[in-house]
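Following are the structures in question.
What follows is a pair of complexes built around chain A, which joins chain B in one and chain C in the other.
Here is the complex of A and B:
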C-alpha cells in the first residue's frame, strides 16, 4: 500500500500561532492584556471556545418542543406554555427550558434538503458542503482540526453515546484518522483506562516509548491512516487515563445527578459538562430512538423531558461557571417531524421547516428566529440550510469561513458551503 | 323485519361517515340513534343516524381523547388530553351540563359508565382510577395502585367489577361500589422496555368482557422492536375470569404492527378487534377465543376505536384515511395541497348483504 501523506493544514493565516508562541504570550499577558497584539488576543479568545452538540438521532418533533402551535391544524395535543421571553411559547414538554428561554436562541426556520436518515445524518453533520468528490469531516472533527485542543492534555473531540465506545476515525473524513473521535460508551472512559497497580509509572513510560518506536518502524513502509488512528486513540486514552477523576462518579454532587436526571441523556449531558469544565474542545452527546413514526405523542411525552431538564441545567451551569460566553451548545437532529400525523399516530421526517436550539459563545439571548406559515408546516421567511448553520458556528468560534480553507492533495477546500452565509439574526 | 343472522365472514360496509380530520374515538349511543366522535379538531361531533343531522360541541381546548354515552340518560361524557371531562346533552345540544376541569394531571385516556348509570369512571396519565357522580361530576372515589398511566377500562356485564389496564401491562380489578382493589391480572407481555429503549412501549390498550363475564380480553401488542416506530406484534390475551389465568393468546393474520386499541365481543362469543400499521392497510379481525388464529379478517385502514350497535349487527370502526401527503418530506412542491389526514367512520354490517332488488320489481 502506498503511503499517502495527509497535508491538510488549515490555510487561515489567523491560525498561524503555535502553541508554544501562545503559551509564551499568555504568560506575558497576565496583567498586560492591553499590550496583547490584536491578532494574538483573538487567537487566545478562540482557544477558549468550546462546543457541545446534543444530537437527537432520528429527529425531534418541533411541534412537541420549540414550536408547539396547538391552535393550528397540525399542532399536537399538548399545551403551549409561556417562556421567560414575553410572547414566546414552547411546548409544555420543555418546562425547564421555557424558564431559561431568555438565555438561548431558537431557529424555527431550518429548511434542509435530505428526508432520509442514512444520508441526512452525515449530510447535516458535515454541513452539506458543495460536492468536490471528497468526504468532508463531521463538525467535531472539523473543529478539532481548525482549533486544535482547548486543553493540550485532553483530546479535542469526544463523543458520548449510548452503547459501546471506541475510536471512530471515519468522522474525520479527508482530514485523516488523527482527527477522529474517541467515543465514550455510556459516557464511560475507555476500558483499561486505569494503570494497574503492579505497573509503575516508569515501566509504563518505557512501554510507551517502545510502542511508539515500533509504530514508527511500521509506519515507514505502510499507510499512515491506520497507524494514525491507532496512535491517536492510544494517545487519547492516555490523556484520559491521566484525568480519571473526570469520570469518578463519587466526586459528583448528588444534586447534579438529580437536576440532570438519571436517564442516559441526563447522565451523558452531565458528563459532557464535566468534560467541558476539564477543557475538552468539542463534545457530541448522542441520544437515539427519536424517530417517532409510531405513537409520537406518547413517546414525545416521555422523550422530550429527557432533553429538557439536562439541557436547561447545562445552560444554567455553564453560565454559573462563566463558561457560557465561550461555550456553544447546539441541540439538533437530522430533520424535524412532519406536520401531518400518520396512521400510527406518528410524525414522519420533515426537513422542510424545523427548529433547533442554540446557546452561548456569541449566540443571541432570547432570540426566536424565523417566520413560518401559520400552521408551522413551511418557511415563510428566509429558510436556513445546514450550510448557513456551519457558517454561523465557525464564525462564532472565531474562524472566518470565507477565508479559512482545508488543504487536501493540493486543493483548497471551503470549510462550509460556498453559497451560504452566517445566520446574522442569531448572532450577537 | 327479522334480525339478520350474524355472520362475520359476510360482513360488509353498509354506511360511511367521513370527516376531514383524524378522529380517535367514536361510539354508538345506547339507543342506536347517534354516533359521537372526537379527536384532533378538539370538537365533539354527534351524527343523528336517521337523516344524517349533525351537531358539533365545542368546549375542549385540545384533542378529544375519550368518550362514552350514559346507558340511560341523554348524556354524553367526553374527555381530553388536558384532563378535562365535559358532560353534554347530545340530543338537545348546547354547552356542557357540567365540567370536571382536572380529572387527571394530563390526558384522560379512558372513560366508562357503570351499567346502572350512577358512576362515570376515568383513567389516564396520573395512574389513578377516578370515580365521579354522573349527575353532577362530583368525585366519589379515587383508586390508587397503578404505577404508570392507565389506557383502558372495562366493567363486567354483571356490573360488579371494574378492570383498569396500564402501560406496564398490569390489569387491576376493583369492586364496583366498594371501590376496593380485588386482584391483579398479569398482562406484562404487552409492555416492552429493551435495554436500548429510552421509553416504555405498549401497554394494555383495550379491555373487553364477554357477555356472561367468563372471559376478559386484554389487548395491546407485544415484543416492540423500538421506541421510535414502536412496531410490535398485535396481541390479545384471553383470561379466564374465574381463575384470573391466561387461557389463550390471539394473533392476527396480516402485517399490522400496532396495538389493539379497541375490542368487543359479539353475541355469539366472537371477539373482534382492530389494530394499526404505518402507511398500509391494517385489518379488522374476528376470533373464536379458544383458538389463536383468526376466524376471519377484513382489510381496512388503521383504526382506533370500535363500537357495537345495540342491535348487535353493526360495528362502527373509526378508520384512518390518508390524504396522500403522509410519509417523509420534502413536499415544498405540494405546499398548497398539504392537508391533514382524515377519518372514515365505517359501519360494518355483520351479516350477509341483502341482494339488490331488481329494477321494476
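Here is the complex of A and C:
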C-alpha cells in the first residue's frame, strides 16, 4: 500500500549536531568531539589541507577543453594542441593549461547519473551518497565540518560567486546552518564586516574594550559554556574585521590581475588564491552560464579561455608558494556536454562521459585517466561516478571515507557513497 | 456557620490544591540531586529581568525595575508572577514560543500566521491546556472556532505529520524508524512509525465548493499499512497504534455503509471510522505517559532552559531524565491539574530552583548543567532580542510604529546584507525580517539550544540600524542620557534601561572615566557605552 524507499540505512537530522557543539564554523569554534571517532580527530588536526573548487555552472564541453577529438565526428571546429605531457593533447582553447599539463591530472571518464541542472548541481556537490532520507552537506560544508578551519581566525568555507552573497545556510544540509558558507557576492564580503560609517578605529577599539570589560565581570562569577561560545563569536567577528583587506580587490597586485584576467572568473580565482594564502580551508569559485545548448563553439571560445588563464596561473602560483602539495584544486561542473552537436550548434547535457581536471594535494602530476570510445561519447574503461571522486577527495584530505562517519544522535552516516572507492589512478 | 467551615475545609480537597504546593517539592528533589552547594537566591534585579523575559518576552523598563527594587513587600515576587501570567504580554510571548516550537517557522498550509497566532493567543489568555491544544491540532478539521489549529498539520503530508506528531508531542524523533528499527534507540521500532502513520494516512485537504475554504478530511480506511525494513525480506503490517498502546481494529462496513455523512459541497463523505480523530483523543490522553512526559519536559525547558530530558526529542530509556523522581512528580501533578500550562509555569516560576542566581555558589568553579545548582543562562529568542534591543535603546515606541507605505518597493533584504542595497528599512515589518534572517534558524529547524554565530555578532556590532538607534533622537535612551548631568545618574539610567540593574561602583567609574576622556563628543560617547552593553554577554543572555 505504501511505497517504501529502499534505503540501506537512514539518518537523522541535523540538530543533534548543533545542539552538542554550540558553535559551528560560522560561529568560530569547531569541535570534533561528538562527530568524529576518537583518534581520527587528532590526526586531522596535524594536517594542513586546503581545497579550491572551481565550479563551472551549466557544464563545460569536454571536447573544447580536456578531451579534444578534432578528427572524430563529434569533434567540433577547434584544433587540439600539444601539452607539456608528451603525446597528450588539449583543446586549443586551453593553451595556458596545456603548458602546465604535467602539473595536473585529467579524468576523462566521469560517468555520472543526472542530466538535469536543478537536481544535478546539488547531487554532484553532495557527492550523491546513498539516500538515507536526509539532506547531505555540499562538499564545502562537509570539509568545513570534517576538518574545521585551517586558520582559526577565518571561516573555513567561503564561496566566491557573481551576484549576491551573504551567509548561506542551505549548503550545510543536516550539519545545521552554522556549517553553511559565507558567500562573497562578486568577491565582496558581507557588509557587516565593515566598521560602520562614522566609527573611527580608535572608537571601535575603545568601545570593544568597554564590551570586554563588561564581559569579564559577567563571566567572573559564572560557568556556563554559552558565555564562552558567545564571546568566541565576537572574537572571531573582530578577527575577520581586522583581516578584511584579504577581500579588498584594490589591494591586488596589478601584475597578478593581468595574469589572471580582468573578467569575473579571473578576478575570483585570484581572490581564491589570496584567501588560500590567508588560510581559508575551502573555497568554492562559481562561474555561471556554461550551459551551451546553442552556439556552443562561440560561447566556448569566449568562456573557456576565461578559465584557462587563471587556472594555470593558480596552479603555478600555488606551486611557487609551496602550497600545491597541500592544496587540492578541482575544476568541474554538474556534467559534460553531448557529443552530438544539435541544430543550434549547441551541445546538450551529457553525464555519460565527461572530463574534470584536478591538481595538488596528492593528485598525480601529468596523469590523464580513462579510455573512452573513439568518438569520446562513452566510457571504454572504468567510469567514475561522483561518489568515487568524493572518496578520492576525502582520502587526499587525510580522511578515511571507509571509516570516518558523521555521528548524529548515535547514528553513523557515511561521508561518501558506501559502494564507491577512491580513484587510485589519479592519486600519487 | 458549620456549613461554611465544612465547605472551606472540603473545597481545597475537592479542587485538588489542598495537596502540598508543587514548587517546594520541586526544590526538594532538585536539591537532593545537586551533589553540592546551590547558588544563592537571585537578587531582585536578576529575578525581575529573568521572569519578565520568560513570562512576557520583554526586558523591564528602568522605571519598572526601580519600583520593583524599591518594593519591600515580602510577597512581591509571587504577586509579580501572577500579574505577568495574567497579562496579555504573556499570551503574546508564549504564542511566539509555542509557535516556534510547533511550526519551526515553516509557512505551510492554508492558515495565515495571523490566524494561527490569534488561535494560540486566545488560548493563552484563558486557561491553556496542553492536552486540549494538542488534541485540537492533531484532530483539526478546519471546522469551527479551532479552524486555525489545522496549521500544525501543514500540507497534510502523511510522513511529515507522522514525524511531527511523534517528535513534538511524544518526544520521539522517529525519522529513522521509517525504514527500519532505530539503529541506536532500542525501544524505537519501525512499527511505531507505521502505527502512527496509519492513523494519519487517510487525511487530506479538500475544498468546500460553497465557502471555497480548505478543510482537513479523512478518507475511508480499508486496510492496514504494510511496511518492510530495509534489513529484512518479509513484510509487516500494522493498523493505527500508538507507541505503547494497542492496535486499533479497522472496522469493515458494507458497501455504502461506510459514511456517517454523505459527500456534500465538494467535500467527501465523512467516514464512520476516522482514525485521526481517534489519534487526537488517545494521543492526548492522561494515560499516555509519552505524551504527558513530553509536555512536562517541553514546558520545563521553556522556563529552565534545559529539558529534564535533553535533547527534547529523545525521550527514551537510554536517555533518562536527569531527575526521574521529579519527572514522575511533575507528570502526576500536570495530569492532576488537567494539563494546565499556566499553573505549571507558575509553579516553576515560584520555585527556588527557578529563582536561583546564575552566579556560581561560593568557591565553586564549575557545575554540571544537569544539576540546576545555578540558574541556567538562556539565549534570548530572536523575538526577545529584537524587542530587547529596541526597548533597551529606547527606540521601541517609534520604530514599532513604522509602517510600510502602500507603494513602497519590495525591500532588497539580501542586498542589505551584501552592501548593494544602501537603504535603511522604513517599516517595522522589514526591520523584524532582517532580525529574523540573522538570528532565527532556517525554517524547519528546531530552535532549542544557543547557537551563536559570526554573522549574528557582526550584526549587533556593525549594523546601521543599531548605530542609528544609538544616536540621540526621538526621546530614546541616548537622548535621555544627554540630559543627565552626573556620571552616576547616567550610569544608573543606562544600566537600569539596558540590563535591569543598578551599576556597581566601578561601573559608574568606568562611565565617568569614558565620558571624561570623550568630553568633546559626549553624545557619541554615550552611544559607545550603550553599544558595549548591547553587545555584552550579559545583555544577550537571559541569565
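Annotations
What we mean here is this: the second predicted complex is superposed on the first by the 334 of 428 C-alpha atoms of A that agree within 3 Å, B and C clash if a C-alpha of one lies under 4 Å from a C-alpha of the other, contacts with A are read in each partner's own complex, and residues count from 1 in each chain.
Convention: contacts are C-beta pairs under 8 Å (C-beta built on N, C-alpha and C of every residue); 3 or more make two chains touch, one makes a residue touch a chain.
Note that this is a predicted model, so its numbers are computed, not measured.
Annotation for chain A, partner touching more residues between chain B and chain C: C. In the overlay built on the shared chain, the residue A:295 is in contact with chain B alone; chain C does not reach it. When the two structures are aligned on the shared chain, A:70 is found in touch with chain B, with no touch to chain C. Of the two partner chains, chain C is the only one touched by A:164; chain B is not.
Touch criterion met: A:176 reaches chain C, while chain B stays clear of it.
Residues 1-2, 4-16, 18-19, 22-24, 26-28, 133, 155, 164-167, 169-170, 176-178, 182, 185, 188, 190-199, 203, 206-208, 210-211, 213-215, 217-219, 221-227, 229-234, 236-237, 240-241, 409-411 of chain A are the ones that touch chain C when the two sit in their complex.
Against chain A, the residues of chain C that register as touching in their complex are 173, 175-176, 178-180, 183-185, 197, 201, 223, 225-228, 230, 311, 314, 358-360, 364-367, 369, 374, 376-377, 379, 414-420, 441-442, 445-446, 448-459, 461-464, 467, 504, 507, 510, 514, 524, 528-529, 531-533, 535-538, 540-541, 543. Across the complex, chain A is touched by residues 21-22, 40-41, 62-63, 65, 80-82, 106-107, 196-201, 226-231, 257-258, 276-280, 282, 301-302, 304, 320, 322-323, 325-332, 335, 338-341 of chain B. Chain A meets chain B in the complex at residues 58, 70, 73-74, 76-79, 113, 115-116, 162-163, 263-265, 287-295, 298-299, 301-303, 306, 335, 338-346, 348-352, 377-378.
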